[in-house]
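Chain lettering (A, B, C and D) follows the sequence in which the chains are written, and residue indices restart at 1 in each chain.
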Amino acid sequence: MKFTSRPTAIVLGLTLAAAALAGCSEEAGGSSSGGSEAGACAPEDVTLVGQVRNESNPYEAAWLDGGDAFAEQVGLTQDRLTYDGDSTRQQEQISQLLAGDTECLVMNILPNGDSDTPPIVEGAEEAGAYLVTQWNKPADLNVADYDQWLSHITYNGVESGKQIGDALAEAIGGSGGIVALQGILDTGAAKDRFAGLEESLAANPDVELLDDQTANFSRDEALAVTKTLLTKHGDDLKGIWAANDDMALGALAALEQAGRTDVAVVGIDAVPDALTAIEDGTMTATVSSDGPWQGGIGLAIGFCVATGELAVEDIADEDRAWFAEQFLITGDNVGDFTSPEVDAADFECDNVFSRSQGAIS
Amino acid sequence: MTSPAGADTEVVLPPRPQPRRGVSLRDAGPPIALAVIFLLFALISPGFRTIGNVQNIMDAAAVLAVVTCGITFVLMMGSIDLSAPGVMGAAAIAVSLLVANNRNGNDWGLLGVLVAVLLAAALGCLSGLALVLLKVPSFMTTLGVSAVGLGVATLLFGGVQPNISDEMLRGWAIERFLGLAYLTWIAFGCVLIGWLIQCYSRLGRYAFAIGGAEEVLALSGVKVAPYKVAVFTLAGAFYGLAGVMVTSQLSAGLVQAGKGYDFAAITAAVVGGTLLTGGRGGILHSAVGVLLVTVLTNGLVQVGVSPYWQGGVQGLIVVAAVAAAVIPQRRRNQVTK
Amino acid sequence: MSTPVLATPDVGPTGDTAPVKGGPTLGQRLTSFMPVIALVVLLAALTIADPDFLTQRSLTAAVRTSAPLAVLAAGATLVVLCGGIDLSIAALCSLTTVLFAMWLPDLGGLTTLAAIGVAAAIGAVQGLAHVVLRIPSFIVTLGGMSIFSAVALVISDAGPIRIVDRDATKWLTLYVGGVVPMSFFVAVLVVAAISLVLKLTPLESFVRATGYSESAARLAGTPVDLVKVAAFTVSGACAGLAAIMLVSRNFSGSPTMADNLLLPAVAAIVVGGTAITGGHGSLWRSLVGALVITLLRVGLPIVGVPSAYEQILYGAIIVAAVALTLDRSKVLIIK
Amino acid sequence: MTTHLQSQPDAQASAPVHALEVRGLVKHYPGVKALDGVDLVVHQNEVLGLAGENGAGKSTLLKALVGLVRPDAGEIWVRGEKVRLRSVVEAADHGIGMVFQEQSLVPNLTAAENIVLGSEGAGVRRGLYRWDTMRKLAQEQLDKIGSQIDPLARTDTLTFAERQMVEIAKVLRIEERTSHPPVIILDEPTSVLESAEIETLFTQVRRLREFASVIFVSHRLDEVLDVCDRVLVLRGGQSVGEVSTASAAPAELHRMMIGSTGSEDHYHDTAAERSDQPLQPRLVVKGLSGATFRDVDLDVHAGEIVGIVGVHGSGREDVCRALFGAEPIEAGEVTLDGDKLDLSGTRAACAAGVGYVPAERKIEGMVGPMSVADNMTLTKQKSRCSGPLVMPQKQATLVDKWIERLSIRTPHRGTAIQRLSGGNQQKVVLARWLVAGDIRLLLLDHPTRGLDIGARSEVYRLMRELANSGVATVLLADSLEEAIGMSDRIIVMSDGRATAEVGCPSGAKPTPLDLVKEMV
């Protein structure tokens, strides 16, 4: 891999220069661009792809399992892709995927961050693959502007942040100091949820936010940060607001190690461990996000459009980008959520938008 | 001297200073830096200088200390080890599935811990074998083994979070002795064992020697390869124990249990005075480095530095600490890699 | 031997000045092509696993994907050839995506140059810190990594910054001759340009001398410090260029965008057969290494390998690839 | 012809049994026949000298004897038993051990560990060190050679000579491995020793002879004749004859080594064309001070060779490096041809026409894996460039010219320099400063260290020619004889100061004793 001789080097250089002059084009040769005819696909020709960060956390593993359940329901299999929380790798996988056969491709994607959504959308649009995204989307990107981007589903993060904030305030008796554990700082979810907390704080003026630190959605980091915060604020600390359940569970472990039982903890996502903790009474509240349903619903919308049972034009604008139904889970109602099941009826074509709580404003 | 031609220009031996056995400036730098940073934080932040916080720092340093024990031996040889995340992940999942847990009926207790550590040691051994048999640089073998470890962990994880209910293992993180968690005492034990290995075992001394002059060992008829494999195996075992400790702290087995510990441990070892080129430093140096890094992390939170800036400030201080340690020893024609 | 030694030797006919002929043997030539062989083998294996993989569209996509990684790796290769290591490339690349996105509305067409220039300057600062303060490059760039990340987070307010005016990066999304993605073409151009400059000037021997034996290079009057600073500068500039490629791909800049490319970039360098200890290797090797790593990163999941096995395979294959490509005759002791 | 070729050894005749016998050893390297049927016999309790120029096959032969090189043909017999030696350990098991030329100790271990390295015996029990035992074992070895070194001192805190003693103590460990008398090989053991230690070493060698056989290799022929019973001469990979030291003189040995009558004038002191010395010295050093030297004054005229002598720690090496900008200075002024010399770094010195040949050739002098051509043209860009571009043709022509002019033996200009012999490497390093023809001051730090007589002689001739063509030279010689033989003037340094100056003109040379008086 070295120039073995000077002539080679020069020839190579000239070739490159010549190639550059030969001209550039907008498209890769041989790429068949443009969308496929909606509804042209036979059900058995549809390819279902689900992509999440990794299979090593329960929420996203359950998501993919939900996708599998839906695929089985329609007699197909789902390609499970994971990108290990690596934005570039997600883009790389998508562009590789779209370079293959995109005729009847249905993708249910969890973009790593807001900024990862636009290239995925543009790629799908160009290649004619059916796309449903969840969680992350820049606010100014309008789903209705695209033909192949069928829908964007998320939970109202501001709402969830506020709900658990209120629950926390109630649990500590309406006054006292709390700390916030933030998620990965440059994700929309983390920001929305924290904005929700701020709304809640405004409504509960006696609750004081002593500190906010990031623990990157990670249980391990939350443990270390909470320990430090516990020593820093000592008994002033009455409650911990965590932007997801993993961090809440890390905070619980720190509290246990510190021998503190007087601190209330809230999280978001309703992962099984958090539900158990709420049942045990060690955790105060969480907000449900239904992983298995999310894994199935995206594929279901795409499948319905691909097979012609649903037309893009017929999808109402408020169903192009919508908040899915969520519930505040506390000790009172935790029993209802401990065994989430995929309900096949949710994935029927005329039922796919049934959990909508309204369009994203 | 019978022949004048043998006379050398260097005729007289000047009195030679006695060989240094004490502490040199190079060794003293990191502890001084630790003391300075500690005092600085103590002055700035009242929360920092409480007994509770010092206990907290010691507890928080435990896992990193154990990882660093392992990596120090590898660095002493002049190799590098990036396998901690994978090996720790595999050990964490393995132990959480072997002791009493919510996924299966196993209740192996201490034996489960042992098996997890052995699994980790086996992964470490794999790095070492690839290094000596395939002659692939350790940078790559350990990177590869880390990926393999994460793969194994993901396989074992199987989509459902394993939570441990084993009281003994959970107790390690909760029970305290003389104000410190059992885990912290385990870390102390690891540092002590590491130090004993470094000073009193052939493995440790040879690891040191390999970093000093590997070719000489071969000339002396020492087969270096088995010792290299053994060092990586030992390092793997330490990572495994660290993975178990993380599991004990979180009461759950995480695939990501070791995320970030590779660079954190290397940073700690280097800040403590272990050279990446090998042959210098040791366990005690690394222990100081671990405390330095932990004090920094803790102090920055205590002082209330914005979370956005914390990483940056930490990086700056690490560079400054190393710079302060090397600047007095600069020479004109010194090689810096 | 009566000629005064110092007289400038008269340049005689070249025919009688070469005492003995001797070039690389067949074996050595084969070793230098090992990275390509590894690439072909990997491609063949992926094709066997999924015959659809070997289509022109699919290969074009793979090549396009590899461009930022290749540019990152190429720049860092220079530092590695000098015997150092640059761990800051990925963080610097992320920072540059943010800078680019922030400056684009004001600077317009000049943004590309400005962003690359600033990245190069930051690289130079790291190089200076390394040679002036004599701090090991590992530490300088490890520190740089966290500092750049922090700066990127702060100035971007921890969020992505979207690019509205896409014309500034549109050229990178074109295709040369209809098949070769412009970004990859640029990557090849960068590698060719740097390689040519090295080859045609004394720089190559400076860089190699510095990597093989820094003290000997210094005592031979080689500008060791300058060469190192230059290597870090080029590495920084390459990180900047890679950032622009990422922005052209993602239509936004984000403070963590490239952070995960660090280990793949270093892996690309080593898989290409460049010795991590310095001196031996080349940028072309890293280019091929980047293709190998890209195929592994995107190819394995696309052909349907489950995620757990994918990681195990990835680990095993990079080790095997290095076992194939490393020319051990140039590296005496493997650490 | 005093060369009496060794009689073909007779396998049947069992008596007398030789301690070591080598028959027809052959070893090929690509392009080179390093050993071409070497025969050698070592008797019990004798010291056999081995002489030969660099490239005569000495190193390969020795390496074959300790199992580091596997011969292509030939046999090795130890005490009447044919053996195959595949590693250092196997050689040690047969009682053969070697003190290597390049110091082979681990710098960051203690002396004791180095001594017992690889054969710790009772010093390590179940993988654990027993420091007391180890110290005792090491002390036993050190006592054998009467050394006072603290066994628990770290090796890198010891002096060069002390480390050599540790090496000898280490090799004597093979006595514990075998019940037979061992064969000890000493490869250039004196090249880095100071004279007091050389004497100790010789006493050691004579003591070793009481219970062992010794093969002694040195490039200093007088030493060989002094300490050995018999000397075997190698040339071109063959044994060309042996002499008894009782009757031989260095000149005779030398003649056998190079195959013809050697030049009588070893130092090529031709004293020609040196009358027209300009009044103004080329190099003027005033009050130069640094970390290890103080107020050094020095001047060197064009065409003059000035030797600096001094004991270990005199600071002369650092003065030399400081003049090249490789060592920081605290005070002082240096001018070259009247212009102030910039001492801020090596680049400035190179640009001003100052050249430096370091003592540690392999670490500091050359870039091992790079080609002869690149090593030769590394410094002077105009020797290979036109503008900023390297002109391969220009470089090749120039390099080949110098390869020929200095008779550098290399297969090709593209060959890695580390594959050449020491003498040829040194010639390439010297050539680096000559290719541009702008050299004004040459600083030579032990330029002949580790070179054989032939190579030394060529380096001396080169120095002479350079001086005659007007180069000012500062020489840190390997020995007082070399300093006296080569220099026109000698500066004596001690404790970082220049303490005396001794004139050394051709025909009126001082004796080594005169210098030693000034030095102490």
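The working rule: a residue touches a chain if its C-beta (ideal position, glycine included) is under 8 Å from a C-beta of that chain, and two chains touch if they have at least 3 such contacts.
Protein identities per chain, from UniProt: A = Ribose transport system substrate-binding protein; B, C = Ribose transport system permease protein; D = Ribose transport system ATP-binding protein.
All values reported here derive from a predicted model rather than from experimental measurement.
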item: Chain pair with more C-beta contacts, A-B versus B-C; value: B-C
item: Intercentroid distance (Cα basis), chain C paired with chain B, Å; value: 30
item: Separation of chain A from chain B, taking each centre as the mean of its C-alpha atoms, in whole Å; value: 35
item: Centroid distance [mean C-alpha coordinates] between chain D and chain A, Å; value: 70
item: For chain A paired with chain C, centre-to-centre distance based on mean C-alpha positions, whole Å; value: 33
item: Multi-partner residues of chain A (at least 2 other chains); value: 6, 54-55, 185
item: Shared interface positions of chain B, touching two or more other chains; value: 150, 154, 215, 308, 333
item: Overlap residues in chain C, where contacts from two or more other chains coincide; value: 153, 158, 199-200, 215, 218-219, 307-308
item: All touching chain pairs, where touch follows the definition stated at the start; value: A-B, A-C, B-C, B-D, C-D
item: Residues of chain B defined as touching chain C within the complex; value: 77-80, 82, 86, 130-131, 134-141, 143-152, 154-155, 214-215, 263, 266-267, 270, 276, 278, 306, 308-316, 318-319, 322-323, 326-327, 330, 333-337
item: Chain C residues within the chain B interface of the complex; value: 83-85, 129-131, 133-140, 142-151, 153-154, 158, 214-215, 218-219, 263, 266-267, 270-271, 275-276, 278, 307-316, 318-320, 322-323, 326, 328, 332-335
item: Parts of chain B lying in touch with chain D, wherever the complex brings them together; value: 1-14, 16, 19-21, 199-203, 205, 208-209, 211-213, 215-222, 279-280, 332-333
item: Touch list for chain A against partner chain B, complex; value: 54-58, 61-62, 64-65, 182, 185, 211-214, 218-220, 223-225, 227-234, 249-250, 253, 256-257, 259, 271-273, 276
item: Residue numbers on chain D that touch chain C, as the complex places them; value: 324, 326, 346-347, 349-351, 356, 358, 363-370, 374-375, 377-379, 381, 384-385, 388-390, 393-394, 396-398, 400-405, 410-415, 432, 434, 437, 439, 461-462, 465-466, 468-471
